[in-house]
Amino acid sequence: MAKKKVGIGLIGYAFMGKTHSNAYRQVDKFFPDLEVEPEMTAICGRNPQNVERAAQQFGWKGFETDWRKLIDRPDIDIIDISTPGNEHREMAIYAAQAGKTVFCEKPLGNTFEDAKAMLDAVEAAKVVNMVCFNYRRVPAIALAKRIIESGDLGRIYHFRARYLQDWIADPNFPLVWRLRKEIAGSGTLGDIGAHILDISNYLIGDLSSLCGMTETFVKERPLQAATTGDEGLTAQGTSEMGQVTVDDATAWLGRFANGAMGVFEASRFAPGHRNFNTFEVNGEKGTLSFNFERMNELEYFSTDDKSDRQGFRTINVNENDQPYSGVYWPAGHIIGYEHTFINTVADLLNGHAQGKSPHPDFRVGAYNNLVLDTVEKSQNSGKWEDIAKF
Amino acid sequence: MAKKKVGIGLIGYAFMGKTHSNAYRQVDKFFPDLEVEPEMTAICGRNPQNVERAAQQFGWKGFETDWRKLIDRPDIDIIDISTPGNEHREMAIYAAQAGKTVFCEKPLGNTFEDAKAMLDAVEAAKVVNMVCFNYRRVPAIALAKRIIESGDLGRIYHFRARYLQDWIADPNFPLVWRLRKEIAGSGTLGDIGAHILDISNYLIGDLSSLCGMTETFVKERPLQAATTGDEGLTAQGTSEMGQVTVDDATAWLGRFANGAMGVFEASRFAPGHRNFNTFEVNGEKGTLSFNFERMNELEYFSTDDKSDRQGFRTINVNENDQPYSGVYWPAGHIIGYEHTFINTVADLLNGHAQGKSPHPDFRVGAYNNLVLDTVEKSQNSGKWEDIAKF
Amino acid sequence: MAKKKVGIGLIGYAFMGKTHSNAYRQVDKFFPDLEVEPEMTAICGRNPQNVERAAQQFGWKGFETDWRKLIDRPDIDIIDISTPGNEHREMAIYAAQAGKTVFCEKPLGNTFEDAKAMLDAVEAAKVVNMVCFNYRRVPAIALAKRIIESGDLGRIYHFRARYLQDWIADPNFPLVWRLRKEIAGSGTLGDIGAHILDISNYLIGDLSSLCGMTETFVKERPLQAATTGDEGLTAQGTSEMGQVTVDDATAWLGRFANGAMGVFEASRFAPGHRNFNTFEVNGEKGTLSFNFERMNELEYFSTDDKSDRQGFRTINVNENDQPYSGVYWPAGHIIGYEHTFINTVADLLNGHAQGKSPHPDFRVGAYNNLVLDTVEKSQNSGKWEDIAKF
Amino acid sequence: MAKKKVGIGLIGYAFMGKTHSNAYRQVDKFFPDLEVEPEMTAICGRNPQNVERAAQQFGWKGFETDWRKLIDRPDIDIIDISTPGNEHREMAIYAAQAGKTVFCEKPLGNTFEDAKAMLDAVEAAKVVNMVCFNYRRVPAIALAKRIIESGDLGRIYHFRARYLQDWIADPNFPLVWRLRKEIAGSGTLGDIGAHILDISNYLIGDLSSLCGMTETFVKERPLQAATTGDEGLTAQGTSEMGQVTVDDATAWLGRFANGAMGVFEASRFAPGHRNFNTFEVNGEKGTLSFNFERMNELEYFSTDDKSDRQGFRTINVNENDQPYSGVYWPAGHIIGYEHTFINTVADLLNGHAQGKSPHPDFRVGAYNNLVLDTVEKSQNSGKWEDIAKF
């Protein structure tokens, strides 16, 4: 019996547009048991030439230049919002009100206020909703979750995470959109700090209080040349200077509701760390650690091992009996960054089919925004701040 | 201007069929500058139900159950042979005589005699030909080639390689086709030994002589249950036993034409090594080493570094200025096993467009078979053997 | 010409007594150019049987049971204080007033007040003084210092350090002296937090403000059986319980005077980390990182390397042209923990000969205590605190 | 009760003289339960000034310039031969005939003929004898032995070892004694190949046959300046050239008596590898691997671990319940190269006390020489050779 077809509409065709397109194109090839059949119906962007080219390159059947029109299309069931954060709110609310399943890139909003409005909208409309924190579906992180939930680490004492990149360590790198508050909302905080926060939420739970700091090391940068790509990773500067209005780096200490200690740090000023998204969990009976640059591996130490041969195990997470791993290639034939999105989209499609929001839903996304806002609040107050309830 | 379309016909839908299908499906999404536009015209296998399902899952427009019919189809320009080795010869010669570009999985033949006949056929027919040694297009290995060719290592002293797997270390694992000489030709020798040999050929050049050994640790295994998959990685055994007729492990010492020493070893009896394809090159001024389980990394030591801070560098090979790396994701957002096939197929398609065989062509493939045969000859003679000329 | 002999008197014969004894015994064997000749004159402890046995095992000529008597001996020139922290103050002041060179284990005092009094005493007496922060003389850390001072990292953005151990992660481990505030002063803070703080001071400079937290995960533990060793690493518990009065873990965020961000964490609740003293420095043009469990290695990333082959270099720090490295064994023949003390004592002896206090002197030690006190102050106030001047 | 004193006489004061002196000086400090008390009675060398200085620096009570006189001294019980290989035979036989315990650096002889004569002498004289293959007492290697003997790896399939150094990769490095056959006997073969062979013998057992090769990459080198040290690691060359008469690199394939395959390689032409003495053992149920540059670690993979969390464990071998580990420092406070000699000498002294030769005795040393000779024989014959019985 043929599966029900589900039309996808994607807004945005830059970096995230490319990863999401790839995921929709690949998902049914690796997950043959998917409950529905995805259709890459249309991609949306403002510039008609560019979006048409993106549609063609990424494998979309059609394209739109007006996102409201895309959302209104009756052949589209799922709206994927992959734009910069300042546009999420309006789009998500419109999509929810149109009764569409809403899948939104992180951070959900540029502020908690935005995110809360989006949460209210999807709850009012009772539509399936999901935030794209793709790292939850790294097989190694899903395995870490399994081990923690099994109780094999015992009581959790510590969570520590660092997300380090280096692409703006050079003070001459231009002022791309990710360095402008009015578009990006914040700098490292919302871009990569949001990820390690979400991983902590997935593995350990909610924070109850925190004390945070932010820093802008380079306060002025060359304005970006108009002709260079919107992502900015290969951006060129001009001779005119502009203000950097976001944080270059951030760090916060936290206390989790379950009593564990948390230490978080994010920076784009760490030469040599291209995408060093790393965390460690210490429990009474063991430790887990992870680094995205070796995303197929999970480090595990267990005090249950014989005492004369304990040590950190490098688990190669490509085995049939590990999460999301049986569907790709044989053990040791590793997967990459893009597969985290394929795994995410597989769960999104099944969630859509079942009318059930997969984790992390907009409530989790709003919590994430709230914590990010609290880091900034703490930076301003110079003291510990509680995470509010909502 | 629209690109010329090129029809692909793929024979085989098991493990290699899946990787090749993925490569054709993805290649133009990541290589927009490809000179032609690939069409996934048809896939071919004996069992109509299975091949139809494979066509659907992997994204092929049609399917055939008779490989001669596939080759004869006028809408097919490139024949991709991804079957076990015992079928390569007949198929490749038929395809060459039909004037098709021939792309064949490794090892080219099950013997040098087979491979030589295939080489003669493609040379007589003057068709584009290529053997699928996918590891040449691991970005890190292509970068190793660039560094060696730059002269930065100086004179080459040593090449050593080990390809270690562990999937048959358990004596109760059943007698799958890869353990039967009449189908597979040899065991580790042709399956994984062929790969490290080809890497040595790519990076260092031809061997002039060698001394080799082969070993079969487990001489009898349970016959495979008829109903389990032809790949055998999840195969089930029966209560009846059969003879293992191939090698479980092999090793050889060699002397390269350029004076370097070579040490090679391949085994499927190395617990913990899922796909540990590793090599090291030592030159007068530096060293390069690689391990496929961390395929995004290349280790490099250079005596040109300041003397108080020399050390092995872990190069993360995902940068824009490294081979095959700019087309996927930003630095540090790693790629996986499947991308080596996408890179290979990109070069195949451009080679087809230009009427020029990309490396490694059938001549290199025949050389590879000749060396494998020489390892077996040396095992039988108990002495060093020269590699013949052809 | 014979070298001048220098008499050493050591107070304490537990863990630190053993490491210091070894250092005095070995120092002139590896540093033949030492300006004086050390004599292991006497070791001091309260229990006559135990201290006599220690003198014999560790190679001391004599022993004392009264530390004042030891200090008063005219054949002793250098007093080495290797007792728990609550005894440092009285001993150091007495030794300074006796005109002896004073070498004191870290932390200098159990509080800044103690440390300041000790500083005042050595400054008043104008005696050579040094605190034993042995990690400064890990060759890899001294090399890190050299690279930072060369300017090759450019402007420093980040320092982050974690010192993780696991010996009390088990809640049934007994209440040894290191868990009692009246003896140890603090828990992880002064024991291992002091070390990473001193490394930051050595490599980056002074902190200007910080926000810190401390945590005691296990608030009650079995009292220690009276007969077990004072170090407690192999201690046995009784059935009676007692209060843990120190911190189990601590963390703080800091701002350095030079504008760099600092993140510090110390814990004894991190299973698998036996002595994981690790830090990383990020500068504009490179990164350095270190982990004591691989103390012969320093990781270095430089943006000065060719762009297609940049990566973290694992520098094996045993080369003749690296700090403290030529005196031991050939490159690659690694050294261990004890050699950091031999290096320290070599500098102490030369400092004594020259009448010049080697780094870190008591002023640096007092600064260290002040920062530790400030972490506790911040824990109590719940806000950022400035580091006072003194 | 006082322990019996045992007088040591050491011949040689270069690199090995320094390591052995350190071991005698330190052994009773770390092994208080030693059955006898070592006395560093005298060291012997030809040049009176140099040997006197060595005696003083290394802590010997006296010195001799005639080795026969040293051996004849009644206050000397153990003769330690740490000279180049060409002198071992005469000295060891003389010492045995004098009834002394004989401890000899490896390789035992420069040829099997030499070694066999030495073996005959100690067996005739019934004296305690031991060859100094120090790597057997690396705690991690002793732990590997324990794991193999426990049966936890099951049937052994593979042993592979590489010992790589780089100190003569530069063709301008001078012709030191280690490159001259008349003194050193062979090059890498006897110097470092002997070590990996002995490790294989300790862990796996005897080889029954092998096929080997040797290579001399640089056939002429500058003669060494007369004034530079006899070790040659910092040697200076002159403008005159001389012939290199030993091998620069060697490799051999072998079959063990127990059916395992062996692959061995040794080279001094591997830039970046300072003392990379590495091996791996694969058994039916697990793998062990080791690298001396991280000598405090042992890698262990076990198929007994839960299937979804198997991986190579990095065992930090400094725990109380691991071989030779309780005597030094707490876990994670690593030891170094010199401690392997302290461990060896502890066993030597206890063996002397008990009148029982510790492993590896001269019989094992003679076997080692026989295999080295067989590698050269195979290089000459171009074929596999059996290891003779003796």
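Every chain is named by a letter (A, B, C and D) in the order it is written, and numbering of its residues begins at 1.
Definition applied: contacts are C-beta pairs under 8 Å (C-beta built on N, C-alpha and C of every residue); 3 or more make two chains touch, one makes a residue touch a chain.
Since we're looking at a predicted model, the values are computed, not measured.
*Asks:* Show me the overlap between the contact partners of subunit A and those of subunit D.
*Replies:* B, C
*Asks:* Between A-B and A-C, which chain pair is linked by more C-beta pairs in contact?
*Replies:* It is A-C, judged by the count of C-beta pairs in contact.
*Asks:* Return the distance between the CA-based centres of subunit B and subunit C, expressed in whole Å.
*Replies:* For subunit B versus subunit C, the centre distance works out to 54 Å.
*Asks:* Could you please state the distance in Å, as a whole number, between where the Cα atoms of subunit A are centred and where those of subunit B are centred?
*Replies:* 36
*Asks:* Using CA atom averages as chain centres, what separation in Å is found between subunit A and subunit C?
*Replies:* Comparing mean C-alpha positions, subunit C is 41 Å from subunit A.
*Asks:* Mind pulling the subunit D residues that touch 2 or more other chains?
*Replies:* 273, 310-312, 316
*Asks:* Looking at the complex, which residues from subunit B come into contact with subunit D?
*Replies:* Within the complex, subunit B touches subunit D at residues 155, 157-158, 160, 162, 164, 169-171, 211-213, 215, 217, 249, 251-253, 255, 259, 261, 263, 265, 267, 269-273, 280, 282-287, 301-303, 310-312, 381-384.
*Asks:* Would you tell me which residues of subunit C are touching subunit D in their complex?
*Replies:* 15, 19, 22, 25-26, 28-29, 32, 57-59, 165, 167, 233-234, 273-276, 292-296, 316, 318, 320, 328-339
*Asks:* Which subunit B residues qualify as touching subunit C in the complex?
*Replies:* Contact set of subunit B toward subunit C: 143, 146-147, 297-298, 300, 305, 307-316, 319, 321-322.
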